[in-house]
Structure formats: structure tokens, C-alpha cells
Amino acid sequence: MEFTLKTFIFYGFAFLTIASALVVVTVRNIVHAAFSLMVTLFGVAGLYVFLQADFLAATQVIVYVGGILVLILFGVMMTSGRLEMRIHIERGQLLLGGLVAVALLMLLLTVIANTPAWKNLTDDGTKLPPTTERIGELILNGPFLLPFEVVSVLLLVALIGAAMISRKEIRD
Amino acid sequence: MVVPLISLILLCPLAAFAIFGLLGLAKRSFPRQDYLSTAAMLVGFVCSLLLLREVVPNPETHTVKWISLGSITFSMGFYLDSVTAIMLLVVTLVSSLVHIFSIGYMHGDPRYPRFFAFLSLFSFSMLFLVVSDNLLGIYIGWELVGLCSYLLIGFWFEKDSAANACKKAFLTTRVGDVGMFIGMMMLFTKFKTLSLYGEGGIFTLAASLNTGDMVWLSIAGVLIFCGAVGKSAQVPLHTWLPDAMEGPTPVSALIHAATMVAAGVYLTARMFPILTETSSLVIAYIGGITAIVAATIAIVRFDIKRVLAYSTVSQLGYMMLGIGVGSYVAGLFHLTTHAFFKALLFLGSGSVIHAFHAMHAHAHDDEHDHAHEDHDTHEHAHGDDDAHGHDHEHGDHDLVHAHGSEIPPDQDMRNMGGLRHKMPITFVTMLIATLSISGVPFVFSGFWSKDAILGGVLERAMEWNSVHHYLLFGMALLAAGITAFYMFRLIFMTFFGEPRNQEMHNMAHESPLSMTVPLLILAVLSFPVVNKFWFNADYVKPPEQPHLYAPQHAHVSPDSKTEGKGFALSLFGVSEAVAAEEAGHDTHVDGEHHGHSPAHDIAMVLSICVAGLGILLSWLFYHRRTLSAESVANSFRPLYNLFWHKYYFDEFYDGVLVALTVWKARLFAQFDGSVVDGIVNGVGRLTRDFLAVFVGFFDNRVVDGIVNRVAEVTWAVGGRIRRIQTGAIQTYLFVVLAGIVLLILIFRAL
Amino acid sequence: MLLSLMIFVPLVGMIVVLLLPRESEELVKRVTLLFTLIPLALAVALFISYDRSTAGTQYVVNVPWIQAFNIQYHIGIDGLSVTLLLLTALLGPICVIASWRNIEKGIKAYMALFLLLETGMLGFFAALDLFLFYVFFELTLLPMYFLIGIWGGPRREYAAIKFFLYTLFGSVLMLVAMIAVYLNSNVVNGVADGLRTFDIPTLITLAATQGHALADQHFQIWVFVGFFIGFAVKVPIFPFHTWLPDAHVEAPTAISVILAGILLKMGTYGLVRVNMAMFPQGLHHFTNGDGFLGNSLALLGFINIVYGSFCALAQTDFKKLVAYSSIGHMGFVILGLAARNSEGITGAILQMFNHGVISAMLFLLVGVLYDRAHHREINGFGGLGSKMPVFTGITTLAFMASLGLPGLSGFVGEALSLLGAYEKFKMLTILSTIGIVVGAAYFLWTLQRVFLGNLNPKYEALPEINGREILTLAPLGILTIVLGVWPNFAINMFSESVTNLINVLQAI
Amino acid sequence: MTLQHYLVISAILFTLGIFAVLTRRNAISILMGIELILNSCNLNFAAFSRFMTPPEDISGQVIAIFGIVLAAAEAAVFLAIILAIYREFGSIRPNDVDTLKG
Amino acid sequence: MQPLSNIESLLYFSPEILLVIFAAAVVLLDLVVKDRESIAVAYLSLVGLGCVFAAVLITHFSFGNADPVSLFLGMVRLDEFSTFFKILLLLATAATVLFSLRSEELDARLQGEYYALLLAITLGMFLMASSTNLLMIFISLETVSLTSYILAGFLTHNPRSSEAAFKYITYGAVASGTMLFGLSFLFGMAGSGDLGHISVRLTELLASGQVSPLAVLIAITFVLAGVGYKIASVPFHMWSPDVYEGAPIPITAFLSVASKSAGFALFIRFFYAGFGSTELMQAVNWPFMLAIVSALTMTVGNLAALPQQNVKRLLAYSSIAHGGYLLMGGVLLSAEGVGAILFYLVVYLFMNLGAFYVVVLIANEVGSEMIEGYRGLSSRAPLVAWAMVIFLVSLAGIPPFAGFFGKWLLFTAVLEQGYYWLALVGLLNSVVSLYYYARIVKAMFLEDYDEEATSVSFSTGTFALLSVFVIPTILIGFLNIFYTFSNISVAVIPM
């Protein structure tokens, strides 16, 4: 794999994603964490672009950054006073959590490295056609129709449920 | 005729008891239980008499299947030979007389009907034992008489001493019974039957055993004999019998003198054919030791009933000795004569006690209902007067009770004296019995039977040139002398001399007719001429002992083994019968044809001498008072103490237990209060105080403890799991993820 | 049909009782009595009409039940079952009468549970399908739990749950063994073929067939152990016995009677019906007299006898004493069964029946005393013999029967067991006879402490046993005497069955 | 830009998400961790779709899209519940919410 | 078997469609009905469930001719297995609706949302039982999970309920995220989301060494986190006691029965259809892993239940333990094993719902969920007390109640496969379980109680509903229906 601009940008995105994710999990201030998460999400979107998943990247930006992240920020604002912005971390917990996380990472890396089927699959850079249309086809006329419909019900349920639970008091 | 007669003999007393039991269940009672029971017994007696006529030289067996299990059958049945017939007669006769005697003696007792019902049950059991043709039947009767003994000793159960004594009697005999049962198991396992007679019976099968089985057979024989040791109160299980005198005196006469205790002798005689040399010797030794031990103890007793009790033990030892040395006929003969004169002695003593007792009742103006509780009060009152200070050495700890150290005043010979004028019939009859038991020659039956045994021992000793048997002969002779001594001591102290307790003496009187008549009848039976009528010795034949071999050094060949049939028995026609039998079998060829062996003559002379000596000494000590019992006692203090304390048997049994109790008390202090107050004598207490508490402790702490520990651990684990459930969600998540990692790692390793 | 009727009549009775109004207590009692008398009548009819000359099962009903597992509703009786059925049916009405006055609360529920219990017990003794057998076995647990737990003494909760847990523990091991038997029931020479079965007679045949998986010695040993523990808890065999004293002491009188009279017999019955008949090789392994394992069954019997007797000796609670004596007496059953010969097994079976009768009497007697004095402390009595002569008489009878006095039923079973056992296990049997002496010791000592001596002034006014109580005791007392005098009355019921069993045992 | 690159990135994201979930003492931070986890999954699907299936088969991408949608729904409900918790307990620190335990 | 197209599938999909329609109708009716206390909404949902039930039967027997059909281009499958679970779930839901009607915890003003959510969650569970595609599996699982979170937190002003919801969603989100990661690996290895396809591809890849067993192991374990959390198996069980305790009782009952059943449906189909091949099992011995998980689950559940004082929490642990028993059947890969699970689920439905119904009744009348609250129930409400005894004893697995037959089938199956140790662990556990069930019985029957406490009376309807649970609990074992379940299970057994 030669070192081209493309690869440079790829590594840039990769670094951005991981570094910001690291910030998300370590930073003490929750608002900082939220913004850091935004960077991560953008980074992942960028990686989607590298995978030639244009529609997916767009969805990632719109839904995650536009929706979920805003939701999270709202949540932060509604639950945290100035003092609550700081996240408590306990050393013992950090150690145990770190241990489990590292163990998992080691396992996953072992698997990734030792699975021949996943080895040496290089992105040859062939340009694929845009995915939006085909995705539409798959969802509305393909095998993903049922999941699509079910997810719509799920969203409705989530809507009703979220509204009901977060409601301050019951009208009467 | 035989079966209906025997059935009638058995069923009459049983029916008398059953009526009582059934009415009792309905909470009523038959008003004339006494007559009912007595009548039942008399019917039995008449039947026995008829049966005596029926008996032919060849024994009869009648069996019915009792339990059948595939190839194995347990039968119940009658075996009727002359011995059975004689035993039946003795039992029914003595029992009838005791019934009659009791009508007077027990009059006014609150549980009067019950007494007769128990007597009936006893008679049935005893008769059943006697007629059984198999070991199982004998064992059944054996245990049933034990039960009756228990019930009757404890008849006045309000007395603690009686309650203790009855339990002691049952338990002690049961120890022996277990031995007997083990012996039965051995025989059964070998022969697959418990029937004694007939083709498939034990005796026939045992006859064909070879020498290799002798050790086994000896053990079995000794084990069976264990039952007899218990029941016939042989050393070392004899201690219950003197205590059993807590029962009413007629009971002592019937059960603990004439019949039940003789059952052991009867059993041993029945087992005669399987006795080996070793087991015979064991039996003989036990008998000999018992005879002398009991006799020496009897010398120093003051309780009239206990003197008689020890005398009984001693005489039973005699009979055992007789059987043990092969003097089958002599042993049985002594059994029968002893039954009569000892019953007579007991009834006579009962008469005396009754005389005194009635006085008590009047003196204290008690209702009859509580008459017997007087014993308690007087025991304590009298305790201080007790001349024997050393008694208190053992009296001061609460564990040892009721070994005869507390004598009821109406039984204490030291309160008596000069009664011969007050109670002439009692006196005369008792004197006859005493003469008989002491072996006063020729006129009295006791002399003949005792002499037969002595002769048998000496004869065996001479035949086999056996040191053992010479020793046994010496013991027997000594016992005979002592017997004469203490029996006359009894007579002198009771009937002669001056009244020692004038108040009691004044109140004493001759007993009513219902009591004196049985005495007279029994007295008549103490004369040999009368015995000749029923001891049909022509038919009393010793069975063969196929496994009794003379020792190597014997100078007489086994062929010439003789039966105890000296002059004494020849008087009763025994020798002819035996000779005829032996000639027929052609196995024993001996001088019987031409008279009797010299051993019997020697024995007779010696026995007359020692008896005379005994009586003489007794006369000097207790009548003439030329010699002082006190001073002799003082000069032989250790020996006296030994006798007084009955060779420390009870103390030994108790002492071991006391030690254990003390040790235990330290260990299980909390149990002490509840456990010590009850008193179990002998082995019973050992087990209760030590083993049982330990086992109970073990059960609660260890067995349950393990289970509880498991349960606790389970709970603890449950609690631990609970603690993981902290309520903090991140702990849960940690468990999940760590769980995943662990699962993967574990299964990767697999 | 007769048999099914007998089993399910109490169940019908339970439903009837449940439908009765709660207030009409007398009616409830009468109805219950009626519904326990019907099985008794039927049992007597069975007892009379049972053909004694054959070992085969009679009155067989065999209809499919759960076809998926080839489970059948298969019931029938042989000599052993019919004897125990009679005992069960007899104790039923007796217990109802014994409960007549002294159950104060919830008489309706009590009676209903009692009837359910009776169905379970009757069904257990008649079941010839292993699955059905197990279901009936467990069916008795629940009513028993409540009967002890609700109507018991002060520590009733503890006793009830202890009983329940112990038995369940045993029965799950039994369940494993049972399933293992089922799964192997169609395997011949390693090849599974045909339907599996729970049918006990079939399984017995299969277990004796050369090459059949059930006939494999190794398999038999393990399965034997599984079943054995299940039954051992019930018997109870040391060291699984500790539930028994607690349960007995806390249970109301009638329930103690059932516990000692029937429930313990379920254990030994199971041993005979399943362990011995089905796994003769397993049995042989534990009774062949070789080494520790070869003596283990007899050893357990011995331990039970001696241990139970000594524990009884240490008790000061009358009921606990009787309870421990039960442990001792069940030891004779185990010893007899270990002997594997006709004397031993007959003795054991007879002892089962006799112990059922005698221990029932003993518990009833304790109950009589408790109802009057409201305590059971042996040392707290004294001299009752003069106050209650009839009661004393009956107690003496029961004690004597229990300590094995010849002429009463207890002796025959004990003696036969010992005779049989001696043939195989000489030393253990001789040692076991200690139990006879100790048995006499604790009973006599109790008799002395309670009835002999001077009357305890506290009990001057103690009333004599009444007619109702005599009514409960008399049949048992009569049975005790009858069986003591004429044991063949019972033995010829099952002697053919025993012969049959011996043939199975000797076939290996 | 091999498959393994993407997989390693995704694995790291996943692990960081797990780390956050385990260690952050704030409900919203936990939610962020969950989002990281879900993002790593989606990235996996997209990468596998690119490399392991034929070019014309983009079902992996579609699955990722569904993943995003589900994440959104979950986040919405999660936040609603966080608000409820805040209302009832006055805190969104997970350790304060531990009345149910044992 | 060619999967049907989207349009063709609709007919077969009528039960699910009906569920959605009725859910919408419920919400609409709720808007229309003015009386907040009206129970019309509840009855409408019951009617809806009835219609769905009919539709399930019709689609199964008429359209499908009882043959398995693959719908929506392979997304879901209609076979006997899924039909069985649909019926089971409908029963559970209907029972929950009836419980909810009698529960006094729930806010009547929110019943429109409540019943709509119940119908929605039923839809999710239907899909769980029939999904054959990774995506559908995940979506159905999420549907059920999200709805459960909401229902658990339905008592909005009850801190315990909110806490339950919070813990539930945190736990569930992490578990489902982990599962999704595992699914992505599976997708990555097989290049497809179809379970059948995955099975074939994985077998090939493993055979050719293209994929290491460790990868499959990790994927399976990650997926197990999601499934295991649904069926509350150790170590994924820890949410359940807290959630069960905090959630409204009808929802607790529903979660412990319906959600668990659906979890088992998913679990069986996923593992049997996806990983049932011999080669796969040689590479990754997941049955053994599950056997250990099963043993741990029942042991932990039973032991932790021992010291509990809250009946709901006790039943939660009991429910965990039962998950362990059920899991035993899952490790066997035999028709008997799965058949045993199915039968046990039926039995469990009746006995566990019955027990929870009693808890509802007692909570309403006595106002307590603690064991002390049950004191003296035998005299205050004897019928209810006896019914409770039957349920508890059946749960403990004592004959002649249905629970015994359920356990019997399970243990027979386990022993048949030679898992003796597992059977023994299970049986000893059932002994332990008796102890804590008996504690409730003890409180009801054996313990003294305040005589002042009045007797509790219940309506006829209550008893009718109670008998709906009691009668099957007594009788199911005696019916001859075991074959049926083994036959159903054949549908998912790879042959």
C-alpha cells in the first residue's frame, strides 16, 4: 500500500475518530465530551465515505450529529447544573473497567489478525455507483421492506414512550 | 388323648387371663378372678395327672406349621416325654397351690384380680415353655415367663424398689436371652430348623456332625446356656433374683423358686444331646461357682426372703452342675424336689410375713389400699437401727439402691424368733422343707436328689480322672454344708429362741386355712415316698450325648460313661431303666448291671457328714449360742464383708457406672440433672448414662450438624450472591463484560 | 377396578369435604371417616379375596396414560402390597378417630389433606409403573408438609420443612436413577430398539435378561445407589434420619401415626419393590459380604438398630423416644433385606407391617397422654399406673410388642430378620442383638418413669383413657396379638411373592 | 486501507465504548459510550459490506442505516428515562440510583 | 423452499399486521373515550388479541398448510415453531392485560399508551420467534427491549419504576450493542445476514481454515450477551431482580414469562439454525458452554432467592433459576430437548403467571409485596392461598403438578444426552428452590398473624381468572400432549 494523499486523509480520519473517542471517554467535563463525540461521529462518517457509502455517511451526519448529539446536549442541559458538569471517576473502577476493556481489545485484535478471510482485502479504489437509489430499492421493494416497516413501528413506540416517560406531570 | 389334654392345660390359664384382659379393656373387672384362675390351674393339674398316665416310654410329638417360608418351616408343637409330663405336673401343682395360698395372702390388695390374672398368664407361659418341642417355642415361652416375672415383681410398683427390681430382672435376663438367641441363630443357620426332635430336628442332624464342628457346637451350646444363666440366675447374671423378692411372696414361691428359674435347668437338660465336653464343663463350672457363691452370701442375710432367694440361686447352681457333669436325671430330679421344698419354704416365709404384715396393717389402721406403701415408711425408720454400720458406706451415695440392704421389718429375721408356738403349722412344714434342702438323710427327698448330683460329679471325676470334676465335687460338697448351715440359721432365728420384737410377736398368728393347706400339701411332697408316685423314673432317660467325649487321659473308655444313678436313684428305679436302655443300645456297658458305682456311696457319706456339720454349727451359733456369730464375723471380717456385699457384684456393676457417671457429669453437665435421678441398674445404666448420652449428643451435633452446615453454606452463598447485586448498574455491566471475557477465555482454553 | 376405587375414594372424599360448609365440623369428620372406612372395607375385601397361592400380581389395571413416554396407569397388587395396603387402610380411619377431638383449627382442611395423603399412600403401594410410583411417592409430601406444618407443635415449621427438604433431596436422586432406567430400558447389547418403558414387571424381566443394558452390573450398582438414597431418606437410614425425630415430635398424634406407620414403610417397600427386584446385581454388590461395600447394607441396618436404640435411651421426650425407637426398628428391616434369603426378607416385610401397627399404637398412646397432661417429658410423670390402669395395660402391651416380646407381633419380624441375617453377616447380626437389650432397657425405663413408683401428685385427677381412644387402639392391639400368635396369617399373603423375589435374586 | 484497518478502528471504538460504560459516573456519559459501541458496529457492517460482499450487494450498508435509526430511538428513550431519573432522584449518577438491590 | 416476495407474504403476515392495526386503534380509542376510568381500551386490546389469535391459527393452518414458509424474502419464517410461540405469547399478553385490569398500580389515565405498548411488544416478540435474518433478529429484539424499558418505567412518578427502567435500558443497551457487534462479525464472516446461509458459509470457512474458531466463539459469545440478557442467564441476569422488583407487577409477570419465552424462541432458532451443524459444534463447543451457563444460572438464581423478603424479587430470582432449567434443554440439540423447553414454557406460563397474579391480588388488597404481608392468608383468603401453594409447588417441581412434568421432560432429555452432572445440578437446585417457595407457604399457612386483620374477599371474576391458571397447572401433566412439542421442535432442528 503506497502512501498517497488518500491514505494520508484516511489515517487522518482514523486518528481523529480514535483520538476524539478517547477524549469522550476520559474528559471530565461532560459538555466537552459531547463535543468530542461530535468529532468522533464526523470521523466515522468520513470513514463511511472512504467505504464509498455515501448515503450512509449522510445519514450518519444528519441523524447522529443532527439528532442524537443535539438530544444528548439537551439532556446535559436539563440534568446538569454547573457543578454536575464534572464526571466522577473512581480509580478502582477505572482499573477494573480498563482491564476488561483491554482484554476485550486484545481478543478482538487477535481475531482480526488471525482471520484469513479478512486478510489482504485491500480497497482497490474502484469507483462504485452511488448507493442512494439502490438503498431505496432495497428498502421499499427488497428484502428490507419488513425491517423498514418494523423500525417505523419501533420509532413510533419510542416516540410515545419517550414522551410519556419524560413528561413532567400528567394532564387531566 | 394327649393333644386335647395338653391343649386344655395350656388354654385354661390363658382363658383366665384373656377374660381379665378383655374385661379390662372394657374398664370392668371380673369379681372372682381368684376363683377363676385357681380353677383353671386345678383343671390343668388334673389334666397333668391324667397325662402322666398317658405317657408311654416313647415320646410323642405333635406339631403344627407356624410359619412357612418356602423351603423353611417353623413349627410349633408339643414334645411329650416323661420329663415333660413331670414338669407339667410340678408346674400345675405348685401353681395351683400358690393360687390357693394367694387367695389368703393377697386378700384385700387393691389389684387383687390382676394378681391372679398375671399368675394365670405366667402358668400358661411356663407350661408352653415346658411342652414346646422346638427352640422357638421354648424361646417364646421363655420370654413370656420373663414378662410375667416382670409384671409380678413389679406388682407393687408404687414401691421404687419393686419398680427397680422388676426392670432389673427383665433386663438382666434379657442379656442372657440375647445370648440364647444368638445360639439359636447359629443352630438355625447350620440346620435350617429350630425343631429339636424328629428326623429333621436339630438333635438328629447334630448327631452326624463330625469333630471339626465341635468348637462351633460348643459355642452354640454355651450361648444357649446363656439364656439359662440369665433365667436361672447363675453367676454372673444372678443379681436380679434376690432383688426380685420385692414381689409378693407367692410370686417368689412360684416363679422365683419353683418354676421359672428352673426353666433354665430344664432348657439345659433339653439341650443335653448337643452339649459337648467343653460346653458341659462350662455349664458345670458356672453351676458349681453359683452354688457356692450364693450359699456363702446367704449365710449373712437377715431378710428371710433373701436368704431363700440366695438359697434358690445356690440350688439352681447345683442342678446346673448336675446337668453339666452329665447327671441328667439327677439334675432334673433335684429340680422337682427343689420345686416343692423351695415353694414350701417361700410360702412358709410368706405365711410368716403375712402374720407380721397383718399386724402392721392393724397397728397403723391403714386401709388395705395403701397397705403396701407402709414398706417405704418403715424402711427409713428402720434404717437407723441397722446394726451394720458399714452399710452406710455405700448407702450414702444416691446411685446404689435396693440391693437388699434395706430390709422390710416384716421380713427381717432379727425381728422374729420363737414363732413356733404362734404358728405351728408353718413351723412344722418349714422345718420339713429345711430338713429336705439340708440333705438330712433318707427320709427327705432333698437328700436323695442332692446326693444324686454329688455322686454324679464324683463319678465323672473318677471316671475321667479329671481335676476339674474333683474341684467341682469339692465345691458342691462345701455348698451342701453351707446350705445346711444357713437354712438352719433361718429356722433357728425365726422359730426358736425368744421373740426379739415382742410387739410384733404378740400380734403374730397362724395363717388362714387357704394358706396352711398348701403348706401341708407341699410338706407331704417333701417326702421321697410320695415322690416315687410321680417321678416315674422308669421313663426318665437321659438322652445320648453324641459329642461328649471323655478326655484322652480318662482311664475309662467313653463307652463306660455312666449316668448318675447311685443308690439314690436306684431307689426310684432309675438304674434299671437306664440299664435296660443302655443294654438295648449296646453302647454303654458298665457296672450298672450289677449295682452302682462306688462314687455314689462315697458321695453319700460325705454329704451326710457335711450336712450334719452344717446343722451342728448352726445349732451352736444360733440356738445354743455357744459360738458367737458376731465374733466369728469379726475375726473373718474381710470374708464377712465379701459375703455381706454379695461379692460386690452389684457394687461392681454400679461402681463402673458411677465412675462413668462422674466422668460424664463433667463432660455433659447440662444433662446431669435430668439423667441421674432415674436409676437403672446394671448394664442398663451403663448404656444410658454414657453411651446413650453420647449417641444422642452425636445425633444432634454431628449428623444434624453436617446437614445444618451444608444448609448454612448454601445460605451463605446465597447471601454472597446477593451482595454482588449491589444495585449499582455499572457493577452489573462489569459482571456482564467480565463474564463475556471469561467465557471466551475459558472456552478458548478448552 | 376395585383397586382403583380404593385408591381414589379418598380423593373423592377430599373433594366432598372441600365442598362442605366450613362450619359443620361434625359433618366433615363423619364424612371423612366414611371415606376412610370405604378403603378399609375394600382393603379387607382384597385381603380376603387375594389368591395366596400365586406370586403374580392381581387386580391389575393397565391403561395407557402418557403415551409419549409409554407411561401407563398400571396398578396391581402382590402379597407385599396387599399387606401394606391393608395397613394403610386400617390406619386411615384410626387416625381420623384419633383426630376427632384434638384438632382445633381448620378441621376441614385437615381432613381434606388427610384424605389426599391417603390416596397418595394407597396409590404408592399399588403402583406398578415406575412413573406412577414416583408420582404417588411425591404426592404424599405436600399434604404431610401441611399436616405437620399447620397442626404441629411449637417447632412445626422447622420440622415440616426439614421433612420436606430431606425427602425431596432423596427423591431427586431417585428421579435421576429412574430416568436412567427408563432411558436404558430399550437398549439390548448396546443397540436401542423399540419402546422404552416404566413398567415395573417388564423392567424386572429386562433387568434379568442377558445382554440387556439394565442387566449390566455397573449400571445396576449406580442406579441402585440412586434409588437407595431416595428410599433411605424415607426409611430413614442413618445418616439420613435426622428429619424423623423432629417431624415426629412436632406432628399431631394422628400424623405421627401415619408417618411411622406408613410413610417409613414407603421407603422399605420401595427398597423391596425396586432396589431388590429390579437390581439384584446392585443389591448383590452391597450385600455379598465382601469387604466394606459387600457389608454396607447390613452395616447400615446394624447402625440403625444400635444407633436408634441408644438415641432412644437418651431421650427424655416420650415422643422423641418412640421416634428414635422407630429408627432402631427399621434397622431390622434393612438387616433382614440385606440377608437376601427367605427368612430375612419375610422377617423384614413382617417387621414393616408390625412396626406399622406397633409404632402407630405407641404414638397414639403418647397422644393420649399428651392430651391429658399437655407435656411429654418422661421424667415429669410417675406412678400413672395406679391412676390409669387400662392405659397402663395397653401401653405395656405396646411396649412389649415393640421390644420384641415373643407372642406379640414385633418378635416374629425381628427374629426372622436376625435369623436370616445371621446366615450372611454373622458379626454384624450378633452386634445388632445389642439393640434387643437396649430396646428393652429404654422401654422398661420409660415404663418405670411414667407408670411405676408413687403417683405424681400433679396428676391426681388425670382421667382414664376414654372409649374413643380405646377404639383407636384396640384394633391395633388385637392385630399385634394375632400376628404374634399366628404370623402366618400375614406371611402366607406374601410368601409366594417372597419366593418369587428370592428366585430373582438367586438368578444372578 | 485494508479491511483490517477498519476493523481495528472499529474494535478500538468498541473498546472505548465499553470503557466509558464501565467507568463513567454519569448516565449521559454512559449513553455516549453506548453510541460509540453502536458506531463501531455500524462501521463494521459498512466495512464488511465493502470488502466481504460483491460490490453490487450493499446490504451491509443498509443494516448500518438501520443501526443508526435504532441508535436514535434508543437514545431518545434513554434520555427520557434519564430525565425521569433526574426528576425522581435529583441525580444522574448511576451509583445514586441503587435503591433496588440484593 | 423459495422465500415468498413481499406482496405474497402479506397474507401470511396478517397476525402481525392486525397487531399494528389494533395498537393504533387502541391509541385512537383512547383519544376518543372521555372517561379516563373506562376499561374499553383494555377490552379492545383483548378483542385485538383474540383476532390475532384467530389470524395466527388461520395463517398457520389454512394458508401455510402447516408447512414452513419463508416470508419477506427470507426475513422471517412461518413454521410450527413460530406459531407455537405466537400462541404462547398471545396467552401471556392476554393474561397481562387481565392482570393490568385488576392492578391498582397502573395509572388509568395512561391506559391507551399502556395497551398500545403491550400490543407493540407482542409484535416484537412475534418477530423474535420467527426471524431468520440477523437484521430482523436485532430489530425484533430492540423492539421488544425498547418497549420493555418503557413499560418497566411506566409508573412515571414511582422512583423504583424509574430506577428499574434506567437499569434496564443501560443494561439492555450495552448488551444489545455487544450483540450487534457479534452479529457484525457473523455478517462479516458469512457475507450475508441469513441464518441458513451463515450456517453453510461458516462451516465451509471453518473447514478451509479461513476463519478461526476463536472468531466464531467471540461472535457467538457476543450474541449470547444479547440473548442471554433477554432470558436472564448468568452472567447476563443481573438486571432482572432489580427490574422485576421495580416494574409494575403485571409487567414483571409479562417480562418473566413472555419476554423470556420470546428470548428462548430467538435463542433456539439462532443457535439451532445458525450453529447446529456438527462441524461448527466441533469448532466451538457452544452446547457445553451453555450447559455451564445453565448450571450457573439455576444455581445462582436459586441461591440468591433464598434470603429474599420481597415476593416479587424472590420470584424474579426464581425466574432466573427457571431460565437455567430451560437452558438445559437448549444444550441438547435434540427434538426432545427443545420439545421439553416448549412444554416447560407452557407450564411455566401458567404457574408463573398464576403466582404473579396472586402477587397482584395481595398487593391490591394487603398493600404489601413482602413475605410478611402474606401471613395468615390461609384463613383470610383460603382459596387464593391454596392457589398460591399450587403455583409454588408446581414451580418447585413436585408431582402431580405440571411443573413436575415439565422438569421431568427436561431432565429426561438431559439424561438421555448423557449430561448426568447437569441433571444432578438441576435436581439439587430444585430441592433448594423448594426452600424459598416454602417460605411463602410458611408465611401463608404456618405463621401466626394479627387476628385483627380482616379477611380478604375477592370477586368471582378474580377466582375465575385464578382458576384459569390453577386448572392447567394441575392438569397439564396428565394430558397426553408431549409428542406435540417434540414435533414442533423438529422444525428448528437441523437434520
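Read from first to last, the chains carry the letters A, B, C, D and E; within each, the first residue is number 1.
The rule is short, and it goes like this: a contact is a pair of C-beta atoms (placed from the backbone, for glycine too) under 8 Å apart; a residue touches a chain by one contact, two chains touch by 3 or more.
Quantities reported herein were computed from a predicted structural model and do not represent experimental measurements.
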item	value
Chains contacting each of chain B and chain C, listed by label	E
Pair of chains joined by the greatest number of C-beta pairs in contact	A-D
By mean Cα position, the chain sitting nearest the middle	C
Distance-maximising chain from chain E - centres being C-alpha averages	B
Relative to chain A, chain with the most remote C-alpha centre	B
Length of the line joining the C-alpha centres of chain A and chain C, rounded to whole Å	71
Centroid distance [mean C-alpha coordinates] between chain D and chain C, Å	65
Chain D-chain E separation of Cα centroids, rounded to whole Å	26
Centre-of-Cα separation between chain E and chain C, whole angstrom	43
Two or more partner chains touched - positions in chain E	135, 139, 142, 146, 149-150, 153, 156-157, 165-167, 170, 174, 178, 185, 188-189, 214, 218, 241-242, 307
For chain B, residues that touch 2 or more chains besides their own	722, 725, 727, 729-730, 733-734, 737-738, 740, 744
Multi-partner residues of chain A (at least 2 other chains)	93, 96-97, 100, 104, 107-108, 117-118, 143-144, 147, 151, 154, 158, 161-162, 165
Touching chain combinations (by label order)	A-B, A-D, A-E, B-C, B-D, B-E, C-E, D-E
Residue ranges of chain B touching chain A (in the complex, touch as defined)	730, 734, 737-738, 740-741, 744-745
Residue numbers on chain E that touch chain C, as the complex places them	378-379, 382, 389, 393, 398-400, 404, 408, 411-412, 415-416, 420, 423-424, 427-428, 430-431, 434-435, 438, 441-442, 445-447, 478, 480, 482-483, 486
Partner chain E, residues of chain D touching it in the complex	7, 14, 17-18, 21, 27, 30-31, 34, 37-38, 40-41, 44-45, 47-48, 52-53, 57, 59-60, 63, 66-67, 70, 73-74, 77-78, 81-82, 84-85, 87-89, 94, 97-102
In the complex with chain B, residue positions of chain D that touch it	18, 21-23, 25, 30, 94-95, 97-102
Touch list for chain A against partner chain D, complex	1, 6-7, 10, 14, 17-18, 21-22, 24-25, 30, 33-34, 37, 40-41, 44, 47-48, 50-53, 55-56, 59-60, 63-64, 67-68, 71-72, 74-76, 78-80, 84, 87-90, 93-94, 96-98, 100-102, 104-105, 108-109, 112-113, 117-123, 126, 128, 131, 134-135, 138-139, 143-144, 147, 151, 154-155, 158-159, 161-163, 165-166, 168
